[in-house]
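The next part holds the structures, each set out as structure tokens.
Both of the next two complexes hold chain A, though its partner changes from chain B to chain C.
Then we have the complex of A and B:
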């Protein structure tokens, strides 16, 4: 018996941030009519092991990885812990808005061809962190549309994209399994874009729900930003000349 | 609504080079995607056209054919426009949709196949179908990319843009006779660069004979250029000589250009420019989107997810 939704969150120390992330997730899940759902926290080689419970946060399963593991592999392992109809891959520094999960689930329910659904995320200063990903050629490659721009910079009516961020992405199980999950040769960065591009090749749509807005602090885990740079080269090795340019 | 396991839609392209047919095919696939029918491009080696903006996913012919073989006719639909692809695709088992972009007699075997759905993009193609006993085509229209309508630039008087890839001799003759004009050749450029030139130029000289449609002429109209063109096939339904352009036989092009750029002809050029813009607006992508939306609720409902 599978549950309807499993949320997978990677965490490396930063327990307080994780606690607030979980509290917001709990509120969003309840608003979506999912007061009980599986939450898998992948403890990605934290110095202090993740406690069994965090004060005020909904219950979760722990998956301890003693060796620091790439985002793709860790998410894939997390998903296998609790098979579900949908997987929500969520960064520990995303605070979901109350109705964010409802909107994403409603989009999935309305369209069986929708494989991956992202959500609009904002920086704490009120500018856009994520409202969809546009695909440019080298040297920049994929980028977040409207990043660091005011909310109105990206129309809320624009929802279909070639890719969305994996910081907050709802993925249909059928899609995830057909694609073999995230490609584990990516370590940190662009695995989400890769998953989306492969999903669209397989005929699935990718969408970004533009309302409501959730909060994303972005790259809060120490050392995270340095990890992403080499992966762009890897992304181009695989995809350059094989995706269309819309950005 | 259907999932990819229930229905797949591919648009087969013969390549990704700088040819109007490649762009028209991609733009049509992109429009279908916007309207909810996720269409995947299939190119010979899975490479994507990158010389214009587009957001359609791409796979190789081989991958697409494998998927089609697994799904069968009821669950796979293939759009194509190059007649050479027909024999292989006819064997693929998919429901074929011919997106006609030229009425070469090579398309006659396709028209003779009653199982192939026919899409016409302009009236001349529909007339060709009628002459061969097919009156069941669906007019899907054709559109000019948004890029040419937006971001106007200051026009440079006496600036003539042309595309030497076809009809180079005509262009050279026009240049010899009109040395006072500033000619700019557009060759092998991406769409954005082409749009930039067309927005700057005063005149667009279309020298390509035997074009099936001649999309650059209409892109130039959208960019506010005055068009002087040699006759084409399909595009003639939209060209109104003296109203939205001038049409001249190749041998008359140099003298017609001289006449058109006469320093007392500003009012005439302005009139032609306004007429051209009106024609271009009738080929605006929003207009085609509205038309296609209606078709997806009617005869093209089988393309919808």
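Then we have the complex of A and C:
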């Protein structure tokens, strides 16, 4: 029997950040009626190994990788540890708002054709980090709508997108399995957009719920930003000319 | 079977029921697991058989490396991996080992770094990291010298040894000691069980004690724990000297210089002593 929800989080030597991420997840899961659910932490080659438990945080399963691996492969591996109706892929630097998970699950329940549901995320200074992904061509490619803008820059009624960020994405199990999970040829970056575009190709919808605002520090893991650049070329190679350019 | 890796994993056990399940769960990708069991009485063999391992029962033996060497030919796979019953591998071991034994690799022997723990403290220095271990090799390319925790050797210089570069690579995980008392007890047991080659050389042991202290002291990485470990490892050499001396019939002289150096704080001399020394120097 599968559980209702499995949360998969990658972690690398940021245990204190992870602890607060988990505490917020626990509150959000309880508010969503899931006080107990599977949490898989993929310890992605931490120098200091992830402890078996973190003070005050909900319990989790550890998956230890000695060799640092890409986001896609690590997430896929985490999901296989605990099959569930929904997978929440969550970055360790996202602090969920109390009602964020409830809103995402409610959106999934209301629309069986919804395959992937993201959530509005804010920077600590109150500007938008993520409110959906807009698609553009080279050289920039996909970008976050309203990024670094005040909250009102993106209407809360705007929910349908071609893609959402994988920093906080709820994925329906049927969708995830039909697509074979994240494409592991993407190491860091654009694997989330690729998953969303493949989901839409297969007939699923992608949405971003805008009402609860969660906090995203973004790229807190040392060296993370440098990892994304090479995959943009890979993304264009696969998708250029095959998605709609947003206005 | 199709997705198993062509590796024979050899594990020697002696009442290993507490740690063996963790190890077996971490090597479920191996085509063949052979347990060399030294008459365990705690259900070790049953645990191994339930996991599909082949169990070879042998008489208990005090020196583990003798056992390793005598049973290196067990199993049928082209590649062999040797693990201790209190070790285990990470969750990405299968993929990493698949690359190490892929057809066409130009090495015969792989030295794998090892993480060691005392309680919940993973040792980062103190001579306990990276602690490379020759544990993966083509069948027939490695032998173990007799003793306890001796380093295995390729059978000839023609063997190509690959040493994995830490930290971003496969490691053996070895949560070996519950606490310092456990560490001390194990060192004493190894010293008592080991074999010793004549002649007895007290000076050599004392030099080794000082060397061990210097090599293990690494408080920048392991804090005060490294002072404790360095002290134990220095005393380990002293204990070994005593066991060796005993084994050779206690005939060699054991002079009373037989101690680790102690720094004795003395009170500074009084005015009368200082005056007396000054007068003597003038004469």
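Basically, the second predicted complex is superposed on the first by the 246 of 247 C-alpha atoms of A that agree within 3 Å, B and C clash if a C-alpha of one lies under 4 Å from a C-alpha of the other, contacts with A are read in each partner's own complex, and residues count from 1 in each chain.
In this section, a contact is a pair of C-beta atoms (placed from the backbone, for glycine too) under 8 Å apart; a residue touches a chain by one contact, two chains touch by 3 or more.
Bear in mind the structure is a predicted one, so any value in this text is a computation, not a measurement.
Q: Have a look at chain B and chain C on chain A after the superposition and call it: clash or fit.
A: After superposition on chain A, which the two structures share, chain B sits beside chain C with no clash.
Q: Between chain B (first) and chain C (second), which, if any, makes contact with A:177: first, second, both or neither?
A: neither
Q: In the superposed arrangement, does chain B or chain C reach more residues of chain A?
A: Between chain B and chain C, the winner on chain A residue contacts is B.
Q: Let me test your reading of the model: by the given contact rule, A:160 touches which partner, first (chain B), second (chain C), both or neither?
A: first
Q: Contacts for A:135 in the overlay, against chain B (first) and chain C (second): which applies, first, second, both or neither?
A: A:135 contacts chain B only, not chain C.
Q: Using the superposed model, give me the angle at chain A's CA centre between the CA centres of chain B and chain C, as a multiple of 10 °.
A: 150
Q: Quick check for you: in the superposed arrangement, does A:67 touch first (chain B), second (chain C), both or neither?
A: After superposing on A, A:67 lies in contact with chain C but is clear of chain B.
Q: Quote the smallest CA-to-CA distance from chain B to chain C in the superposed model, rounded to whole Å.
A: 31
Q: Can you pull the chain A residues that chain B and chain C both touch?
A: Common to the two interfaces on chain A: nothing.
Q: Report the residues of chain A in contact with chain B in the complex, numbered from low to high.
A: So the residues of chain A touching chain B come out as 110-113, 115, 135, 137, 160-162, 174, 197, 200-205, 241-246.
Q: Where on chain A does chain C make contact in their complex?
A: For chain A paired with chain C, touching residues are 45, 47-49, 51, 63-69, 77.
Q: Under the touch definition given earlier, write down the residues of chain C that touch chain A in their complex.
A: Counting only chain C, the residues touching chain A are 90-93, 95-96, 115, 120, 122, 167-171, 173.
Q: Spell out the part of chain B that touches chain A in their complex, as residue ranges.
A: Listed in rising order, the residues are 1-6, 8-9, 26, 33-34, 38, 40-41, 46-50, 53-59, 63, 305.
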